[in-house]
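As structure tokens, here come the structures.
Next, two complexes with chain A in common: one pairs it with chain B, the other with chain C.
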Partner chain A sequence: MSRNITRQKGEMVTFMLNGAQVQADPNWSLLEAAKFYGLYIPTLCYDEGLTPYGVCRLCVMEVGSGDRTKLVASCMHPVIEGLEVRTHSNRVIKTRKMILELLIARCPGSKKLQDMASMLELKEVRFKPLNDDCILCGLCVRMCEEQMMAKAIGYAGRGTDRYITTPFDMTSEECRKCGACMYICPACELRCQGPEAKTTLCSGCLNTEAVCAAKYDDAMCFMVPCLSCVKRPEDVK
Partner chain B sequence: MTIDESRLDSIIDEYNAEQGSLISILQDVQAEYKYLPKVALEYVAKQLDIPRVQVFGVATFFKAFSLKPKGRQQIHVCMGTACHVRGSKKVLEEFERKLGIEAGGTTKDGEYTLETVNCVGACALGPVVVNNEEYHGQMTPIKVESLLKKA
Partner chain C sequence: MKLKSIEELEDLRSGIIAKKDPNKTCIAVCGGPGCLARQCLEVRDAFVNEISAKGLADRVDIRTTGCHGFCESGPIALIFPQGIFYQKLGVKDAAEIVEETIMNDRIVDRLLYIDTGTGRRVKKEEDVPFYKKQMRLILRNNSRIDPHNLEDYLAIGGYSALAKVLDGMKPSQVIDEVKKSGLRGRGGGGFPTGRKWESTRDAIGDIKYVICNADEGDPGAFMDRSILEGNPHSVLEGMIIGAYAIGSNEGYVYVRNEYPLALKNVTIAIKQAREAGLLGENILGSEFSFDVKVNRGGGAFVCGESTALMASLEGKPGEPRAKYIHTSEKGLWDRPSNLNNVETWANVPLIINKSPEWYSAIGTGSSKGTKVFSLVGKINNTGLVEVPMGISLREIIYDIGGGIPGGKAFKAVQTGGPSGGCIPESLIDMPVDYEQLTKVGSMMGSGGMIVMDEDTCMVDLARYFTNFLQEESCGKCAPCREGLLRMGEILTDITEGRGRMEDLSLIEDLSGVLKDASLCGLGTTAANPVISTMRYFRDEYVAHIRDHKCPAGVCRELIIYGIDEESCTGCGRCLKNCPSGAIEGEKKQPHVLDTAKCIKCGICYDVCKFDAVRKG
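Now for the complex of A and B:
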């Protein structure tokens, strides 16, 4: 990434992260700084190897102090000297949950979204599920362009009709069938109950027992530990 | 379909084959063919050295561009708020019935294209129908037939 090349040694930015004074490389985004200090910030459209895009808004943080605070997408926001940043304020948590609720309503079948729902303790989805298979995070498009140098897929349409496609909606000559787009897609991996699940929110997040464990005798999520699956009954409100 | 590459070349040259002029180039191409033929888009992409998918994205982004051939008569039925409350839906349905196509479609003989628009700025005259730049106010389902005859 070009940002690393412009980095100058020794020169650091000091700012307040959740009330603690911290230092960061001036080329970092708030998200990179927070990750460096070990904080878990949920993200969906961000990937270390790709240009940040700032569309999922899950990485929101509250910046500023007193009454003059605002929410920003931390993956796109630079670290600034003296900035006051909060990564887990009530406003941030409420907003993140709302965004995730909307995303899950769009793609209830995605395992990544469902696991994130357990992690953020999302308890209900009040919107009508759309059962779509894409949240328009743009990871596949950037992956194809920036890492695979293929530029085989992109966006078409606008607004609510926007979708990911190949040129002219036809099999694309540019595509090398490398599969990188599917590998990075947060909506491609389906949750244990598959696409036909009866509930919008994975029941694993509401029950004390992992549904997958009941079905397969083993919990199936090894990549991201599913918090709801290890919850004790008394933890569930 | 075959296209006249020299005609496209002259459009592209007018803008010095600049990538930033893609929209203007597409507008001129559309003016030439009344829509954006796939071959023409591919040619433009090649000449400007822009990924095909990006040209496709721009062509589908703007409502003014069409990838499907349009009819000689382009009928736009206003579905804006003012026209809607005055019954534009009935007018549209009558057009659909008479032409045997749905909004967005073109008749088989290539004569009519039926489309909806959101407010053409003549709300006091609603429901408004625009036929090839010609405005018809206070439309009713009954007037549809005579409008089609006139056209």
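Now for the complex of A and C:
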């Protein structure tokens, strides 16, 4: 494989990004390269300061050519000489929307997910909302371990029973209550409670000035108006 | 005794063979898991007692072997040298066999297998239809050796492939032989074994590992288990040869703790091989050193996936990781690692001994050799079968498997374990190989083969396997964890009469995403049972959703019981047995079933002797 070729220090890799020939640092992932070239790639489990984990699968890209193409998690996949990469093919967009639909059905209360739904033009959630508060992206676990050097939290359970907790579900002495886990959590920030907050997708309040801004006044002033607020009600089922 | 050279091994072997009298009577009692469950050890003890009571102890050997494959007929005993096949033995039969066959050379007719086709009794194993069409290269020796006895394995030519390899073959030559043979991984993926070895050999690193994957976790599958239990040395020999070719000095057998016998037998085999100088420093006096450790798995299905298995070996939670950098480059502890499954390893000595040309002559264009399947479900001859690649499903199910019990109609067969697809009757004549199975929406997998008859509801089946996979998913990546949860919800809705037609396209969308975006093989193949049943049995899905009917009469919520006035004789059996008092009626008058009280347990349907209870 081409990545086994020994290259000179500082030498770049050339590959095809959405039909354009581009160069990238050989140590970059596809996601880093795409971001470098200014493309918006939705991610929920990626953070520049943490080891990529590759679990939300929202950053998928289609690689390969002809009928030999596949989707890869771009945060984990290295840039490879000559690789053909498409960041927004139909297959990619369809996949991203379905994954987001699944995640938003689990955590409809997350502002970050609701904003992303607007960005990706997700207009319908066909699953029963679970009103959970965790999408198991693992950012907090890595934050705690890699940046805070605490390793106070980890995963427990398997499959749909998987959850994040302290060892043996007890208050951990390792935890310094630094709050970094909450800081990095994409699901912690609550969505704007628009006029029909019961729906799984933010229902859109037609105002660019969010209705909630008046309702909560100063209490919620940190909240940037939801992207979904520019949606028209008929856009949401 | 430690063997210090190839000559010493051959001397030992000829010594063993010379000591053995080929005409000495031997009773080989199957000690495989199927027979164990039917008290085969008691049968063996009965033989031992009987033989010593008759004073025949020095004239007759009694051997407890691994699985013979024909589990339906267990416990099984083979009488050598005649090769008489006795089946369905009980403790009481031992005395008669010793008296008649061993002492007076007469056959005990009632213990022979009856050929269901001809109605005749069959005397020898090879004439039993179940064995006739098989090609038992891997499994054959199971009935001929005691897995706890290294001498038995040496007597049938064991470790001669290793001797051949160490006697002047270069590692690259070994890899070439395996490549030429066309052997592909038997664990599921079907990756060419030789190429895998080569890339591990070529990978940069001083320390390399070879790993044997014995974490077989499919419901109804026991191929690897039986090989490891019945002939552990053949797996070890394959691993030693592989390690030599790859340049590895350290190996692991990852076996699940739920397989106590496999664990015990492979541990004994390793100890014996180490004592004989077949493992350890300077194997058979050569420069090559290699040792194997056994690691017990905790029984997670996902740990059969290579990267999850390696994570588990490292002591971490058994979760897979992205394989964009292959395990042959960065595997166990980030070192080049070669993982093959039990059956793949067991094939290696055969290829070295008999030549790659001989091996590649068996099978089809791209699938070579034989494959072991565990044939289970609605089939007459449940058991382990080993067939050449390219044999048709019909031959496996009807000629070897003896067809469907109770005269029912064949409906589908699921190959490849829980994430395989269901193949309908219209495709039953297709040849079994890697490509064909993938083409029809299933896969080779590790070799599970579940046969289903007309009484199986395909929607319910898809729901069952989806739930199994949902429970066994590690939960790391979003599509697999959330997708399987929702898939299970939708399928449960359909089987309970709450399905909507638009659910079908939602299932298709979900399946596509699972297949495309999941992290590991578990997720990417998890939709196979659903996709394949929707492809071949779409009418059943529609019947559930639109007509609220389960055509196979399995989905309880959709069944309505009733009593046919004309056939009911008023015998009162159903009335007496009904646990919810839903049936009323005078004696000798047609009874009436109150559907409001009915809990749909089906007892009335089962107990009625006049077929008067209707299911609809």
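Operating definition for what follows: the second predicted complex is superposed on the first by the 192 of 237 C-alpha atoms of A that agree within 3 Å, B and C clash if a C-alpha of one lies under 4 Å from a C-alpha of the other, contacts with A are read in each partner's own complex, and residues count from 1 in each chain.
The rule we apply is simple: a contact is a pair of C-beta atoms (placed from the backbone, for glycine too) under 8 Å apart; a residue touches a chain by one contact, two chains touch by 3 or more.
Not measured: the values here are computed from a predicted model.
Colleague: So, A:N90: does it touch chain B (first), chain C (second), both, or neither?
Modeller: Touch partners of A:N90: none, neither chain B nor chain C.
Colleague: When both complexes are superposed, which of chain B and chain C contacts more residues belonging to chain A?
Modeller: Looking at chain B versus chain C, the one contacting more residues of chain A is C.
Colleague: Should A:L71 be classified as contacting the first partner (chain B), the second (chain C), both, or neither?
Modeller: After superposition on chain A, A:L71 lies in contact with chain C alone.
Colleague: Determine, under the contact definition given at the top, whether A:G157 touches first (chain B), second (chain C), both, or neither.
Modeller: Touch partners of A:G157: chain B and chain C.
Colleague: Contact-wise, after the overlay, does A:T171 reach chain B, chain C, both or neither (first, second, both, neither)?
Modeller: neither
Colleague: Pick one for A:V55: touches chain B only (first), chain C only (second), both, or neither.
Modeller: A:V55: touches chain C, not chain B.
Colleague: Based on the superposed arrangement, let me know which partner A:I135 touches: chain B (first), chain C (second), both, or neither?
Modeller: A:I135 sits against chain C, while chain B stays out of touch.
Colleague: Let me test your reading of the model: by the given contact rule, A:L103 touches which partner, first (chain B), second (chain C), both or neither?
Modeller: Only chain C is touched by A:L103; chain B is not.
Colleague: So chain A touches chain B in one structure and chain C in the other; where do those two contact lists coincide?
Modeller: In chain A, positions 155, 157-158 sit in both the chain B and chain C interfaces.
Colleague: Please give the residue numbers of chain A that touch chain B in the complex, ascending.
Modeller: Going through chain A, the ones touching chain B are 145, 151-158, 165-168, 172, 174.
Colleague: Can you name the residues of chain C that touch chain A in the complex?
Modeller: 300, 317, 321-322, 324-325, 470-479, 481-486, 489, 502, 506, 509-510, 512-513, 516-519
Colleague: Across the complex, what residues on chain A touch chain C?
Modeller: Within the complex, chain A contacts chain C at residues 54-58, 60, 70-73, 76-78, 91, 94-95, 98-99, 102-103, 105-106, 126-128, 135-136, 155, 157-162.
Colleague: Taking the complex as given, what residues does chain B use to touch chain A?
Modeller: Those residues of chain B that touch chain A are 38, 41, 51-57, 60-63, 67.
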